[in-house]
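Several structures are given next for inspection.
Each of the two complexes below includes subunit A, the first together with subunit B, the second together with subunit C.
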Partner chain A sequence: MPERSGSKEAGKPTVLDWLSRRLRLTEIFSLLSSYGFYPAEVDTRKPLAEALSEAGSKPWPSYARWPRVLSLIVIALLMVEFITGSLMALYYLPTPESAYASTGAILREVDFGQLIRQIHFWGAQALLFVLIARVVRLFARRAYGPPRELLWVFAVLLMFVGFHLELTGRALPMTASGYWSAVRALEIVQSVPILGPATLSVLGADGTFISDVALIRFYLLHAAVLPLLAVALVYLHFSTLRTVGISARSTEQLVPGDSASRLHLANIAILLHVALGVLISLAVLATIPFDPPADPTVTVPGIGPPWYLLAPFGFLEWTANVLPRWAGGLVLFLGFALFVSLPSWDRSPKRSRTMSALLASVFLVLWLALSWYGARVA
Partner chain B sequence: MWGAAVAWIVVSFVRPPRSGHSFAERVLRVGSVDELAVGQARLVHHGREPIFVVRVDEDRLVALAAVCTHLHCILRFDRDSGAFACPCHDGAFDLSGNVLKGPPPRALNRYRVEIRLGEIYVHV
Partner chain C sequence: MMRPFAPAVVVCLTLFVALPAAAEERESCGTCHPASRVDFEGSIHAREEVTCSDCHGGDPRTLDVDEAHRGKFRSWKDRLTTPLLCAECHSDLERMRAYNLPGDQLAVYQTSQHGRSNAAGDRRAAVCTDCHGGHGILAPGDPASSVHPRNIQETCAACHADPDLTAAYDLDSSVVDDYRNSVHGRALLDEGNAAAPDCTSCHGVHGAAPPGFGDVDKVCGFCHAQTRRAFREGPHYQAMLAADLPECASCHSNHAISQFEADALSGICLECHGEDSTQAQLGRVFQTSISAAAAELDRAAELVQQGERRALDVEDYLARLEGARTALTEAPPASHAVLREPVEELTRRARSIGEEVQRELYAKLNRRPAHIGLAFFWFYLLTAIAILWVYRRQLERER
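Presenting the complex of A and B:
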């Protein structure tokens, strides 16, 4: 590596040289390692070629393999969502009068409009699925002991941000099913004492009702605030990961840095192909219907909250007979707070791997049962 | 290959469709439903063709052009008979816009009207 770059520099100055005298190229390149695309850390004080050859000389555990790819899939899907979302924002109009009409126009009149919306929708579902899978994996493997507590916190918060992204997004077209499932979700938010009504008033959703003020705030959250939060959390995740190191299993060997990077890049290329392939197949094969427009004065029966909120919804409905609604909401909130702060109280020194997996399964079964109940009563 | 496909899709998507339809719905906001009693009509100003919005019953609204098809006089709404009367040549129209009597040659233009968030909107 040093020889090759050396021979290149012997000739006349390249574009890279020209740029490196004007830009901090190494710092810009290090963003790739900040977001997990380049496995090794580069020394940002050194020129790019030198920093790269130095990073390539260090050994590194073979990186982009299951299940570590999950975070990379998150970034890939986030990028897909950014691109398709920005494209749709070229036409979408966030007012109650025009939201439905402009979404319909994207689907009917714009070339590839249907495809872009389909990819955006299925990308969001896949993103949520992967975000949940990350949390479940960390939980089952108890990968949140010191010094990895923050990995858990960031993973749970990112999942939470993902839920909100999907929730704000599904209300935007103002279709009947999107509107009413968002309202059902807002009802869950409203059940949390003090915090719930406060959140709703910040959202401009008076009661549980999406007005024009609420729609533009949903739009701002969906298109600017939450994506920035998600990017920040991904950055923090990889920042922690680079500081505490990835946990190499004993069976894994350290690969020389140079070939580790090459392996990593090849894996990323394969990963992106597979992920995009699955996404486009879903987008083409599983068409989601475009509902009639929402009429806020007519409740459409049989529409529950979005699938990831069925369990809390089921819990609230299930406890409705024994607990007042605010108490149910309080239990939900405390449950979530306990879940986020799991690393601070789950400090039992040694628990076997089977025990952890068993606990995770019990938790999952409970969640699925509540979701099933929620879907039935919705 | 991926790049070329993505570039093609993005470029086709970004180019605005030629159909000339507006992406915004052309709607007029008439006002709150509660302010329009059953059997009452409201005249909505809209360029050279004002529109009558009539609340027929509790949840049925109709929107009709308020201009006579004969010589473009502005109609009046007669609440008792539930019909539109033309003051110029004694023409009359019913709530569907059909000609009841007089010289008008054809029915009134109808507009789609709906209630959203408790407000009446007319599509023009």
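Presenting the complex of A and C:
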């Protein structure tokens, strides 16, 4: 930035100068900017200040313009989840005997424990909502044709990882509702031939109960494996986005200049303020209850799978009389595989935007109808 | 060459002679009575090595029908002598000592209604085998036994729910059904509460007889000791004895005893006392104070549940409510003394604990600091957003 280069010219070494002699600051900035905080390309061979002033003078892609910075909320929410999750991990004990009691202790004895858990919960729901909305938007805008195939694949995989993050998290406190809805979800996984039972055996859960081995594996997935995967996918998603743009119209570019980056930062700051406000309001006003502890020997009736799995659950229940369970599972798996590989088979001549939006609506309505049915039979 | 075979020959010869001898030692009754033998082999008697001939006599070693049924053979066909035959062992105190069984069952039986009828020559009166079974007798603690506490009502029902048989003795055939639907029957049969009474708990086991007038409160008081104490202190006890009314059963009935319901309390008083009487008024006071305390405790319990779901520490409240419930549980027994103070004291204690728990939980559940904090947070957010928005507009104008 000009101020910084100015200070350098004046001969007063700054902390940044000190650091840049020891670290590849531009590369670090470039890596961080791949998460969407800075949409322009930075030349990693140049010192940070120089690279930034050069990037600021280049035209910016249109997707960096308001309100498309919304996608940034993904990384913001992931950060909120990391922070609140890490704080809870300081006290949480992942054994069937202590999981419930330690969660209770977090809520009762740790300062702001209740608020942190509520933020973690609502942050997760918001994250899933944003990830789903992003996939729906890419589908409706048909933003998966060449060269944006990977943009789609990464978005769908990110959504899938998001589901698993929520699912593994919901079993951890060993509350009755969390435990049994996780069991319901595992029943869906189990219905997929070969892959389902194999996954469950890796998890140490056999689809009817979550054992002590499964709990520690769920914890490992929830606290280490899946978050790393999510961070990697967000990086891949944003770097693809930076390379290929979101649509043909991304050739519209912002007027170059230093004010572009300031405008972008102002947008981000407003967005984060609103997001944080909504999240904390939900956490304070719509507190989720702390249910009684789970008893693996007593099935609690009326608990279905998590909301995002209600549609596959509804499908399995709906076809239960027509198809054997494994066939229903196979259909689900093939449906998912087709969905991920959408760019490879939907190569029809460009549809109108209305048509794509209509298809997306039909898909959404079908999904909602199956979810409604799933919720009713649960 | 023959020498190695010599021991084998000796063994074979020995077996040839010894096996039939061993077979003779075994009882051969089961050859002609296979069903009885199967029944008997599962019984407690078979396990304790009692044999057919111990009860039936005869010669069990022969397969000849006449030989087998000769000598001291007893067919047990005469129901009048059945108790005496069982008593041959069961009144033998030395023999019973090892099993820790009482040796006075025959004597006790003879005091019972069944025993008296039997002694009077009534062949329909229940004898040992009617309740315990014949060959397949099981220990009373065995869940499959006909005299196990959970099964005894069915065993009694075999005669006492038989309309023809009960009519012959001028008895009520609905007693077993009444019991099954009573608070006692449901507790034992539906809820599996082993402490709940079965037929024998009130009527006795071998000495089964209906409790006589003047004894009802003793029978009920065996479990309901506090109620009995209060009842004896109150005016009803002497009055009922004078009027030849069965004490507890006058208000509660005998077999169809229902669960205590506070709301029905004052109605019971009206069965004998006038609506405007002081007794009926007292009944209404009891009803109101018990119902009010129960409602207060229910509300408190609901709040405790809400607190639990909000992860509040409710252990202390649960303990206090338990204490309050104990006080409230003591109120209906205390009401049998028909005195206002003890009942009001107990219900007041229960109610005040309930109110206290509610007050404290209300304060915790509706704590406002979080909401006030949220309001301050939004004040900061809106100010920050406004400043950012103005800054943004400025930047856009510059462009």
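What we mean here is this: the second predicted complex is superposed on the first by the 353 of 378 C-alpha atoms of A that agree within 3 Å, B and C clash if a C-alpha of one lies under 4 Å from a C-alpha of the other, contacts with A are read in each partner's own complex, and residues count from 1 in each chain.
Operating definition for what follows: a residue touches a chain if its C-beta (ideal position, glycine included) is under 8 Å from a C-beta of that chain, and two chains touch if they have at least 3 such contacts.
Please read all numbers here as calculations on a predicted model, not as lab measurements.
**Q** Overlay done on subunit A, so just call it for subunit B and subunit C: clash or fit.
**A** Aligned on subunit A, subunit C fits beside subunit B.
**Q** Could you look at A:98 and tell me whether it touches subunit B, subunit C, both or neither (first, second, both, neither)?
**A** first
**Q** Once the structures are superposed on A, label A:17 by its partner contacts, choosing first (subunit B), second (subunit C), both or neither.
**A** A:17 contacts neither subunit B nor subunit C.
**Q** Once the shared chain is lined up, is A:274 touching subunit B (first), subunit C (second), both, or neither of them?
**A** After superposing on A, A:274 lies in contact with subunit C but is clear of subunit B.
**Q** For A:289, decide between first (touching subunit B), second (touching subunit C), both and neither.
**A** In the superposition, A:289 contacts subunit C only.
**Q** Scan A:111 for contacts with subunit B and subunit C and give back first, second, both or neither.
**A** It touches subunit B, and subunit C stays clear.
**Q** Between subunit B (first) and subunit C (second), which does A:346 come into contact with in this model arrangement: first, second, both, or neither?
**A** Neither partner.
**Q** For A:211, using the defined touch cut-off, is the partner it touches subunit B, subunit C, both, or neither? Pick first, second, both or neither.
**A** In the superposed model, A:211 contacts subunit B only, not subunit C.
**Q** For A:90, using the defined touch cut-off, is the partner it touches subunit B, subunit C, both, or neither? Pick first, second, both or neither.
**A** In the superposition, A:90 touches subunit B alone.
**Q** Considering only touches as defined above, state whether A:50 meets subunit B (first), subunit C (second), both or neither.
**A** In the superposition, A:50 contacts neither subunit B nor subunit C.
**Q** Report, in whole Å, the shortest distance between any C-alpha atom of subunit B and any C-alpha atom of subunit C after the two complexes are superposed.
**A** After superposing on chain A, subunit B and subunit C come no closer than 7 Å at C-alpha.
**Q** Could you tell me which stretches of subunit A are touched by subunit B in one complex and by subunit C in the other?
**A** 115, 273, 276.
**Q** Spell out the part of subunit C that touches subunit A in their complex, as residue ranges.
**A** 308-313, 370-371, 373-374, 377-378, 381, 384-385, 388-389, 391-392, 395-396, 398-399
**Q** Note which residues of subunit A are touching subunit B in the complex, please.
**A** Touch list, subunit A to subunit B: 83, 87, 90-91, 93, 95-98, 100-102, 105, 109-113, 115-116, 209, 211-212, 273, 276, 295-297.
**Q** Where on subunit A does subunit C make contact in their complex?
**A** 104, 107-108, 114-115, 255, 257, 259, 262-263, 266-267, 269-270, 273-274, 276-277, 280-281, 284-285, 287, 289-292
**Q** Over in the complex, which subunit B residues touch subunit A? Could you list them?
**A** Touching subunit A from subunit B are residues 2, 9-10, 12-17, 19, 21, 23-25, 27, 29, 114-118, 121.
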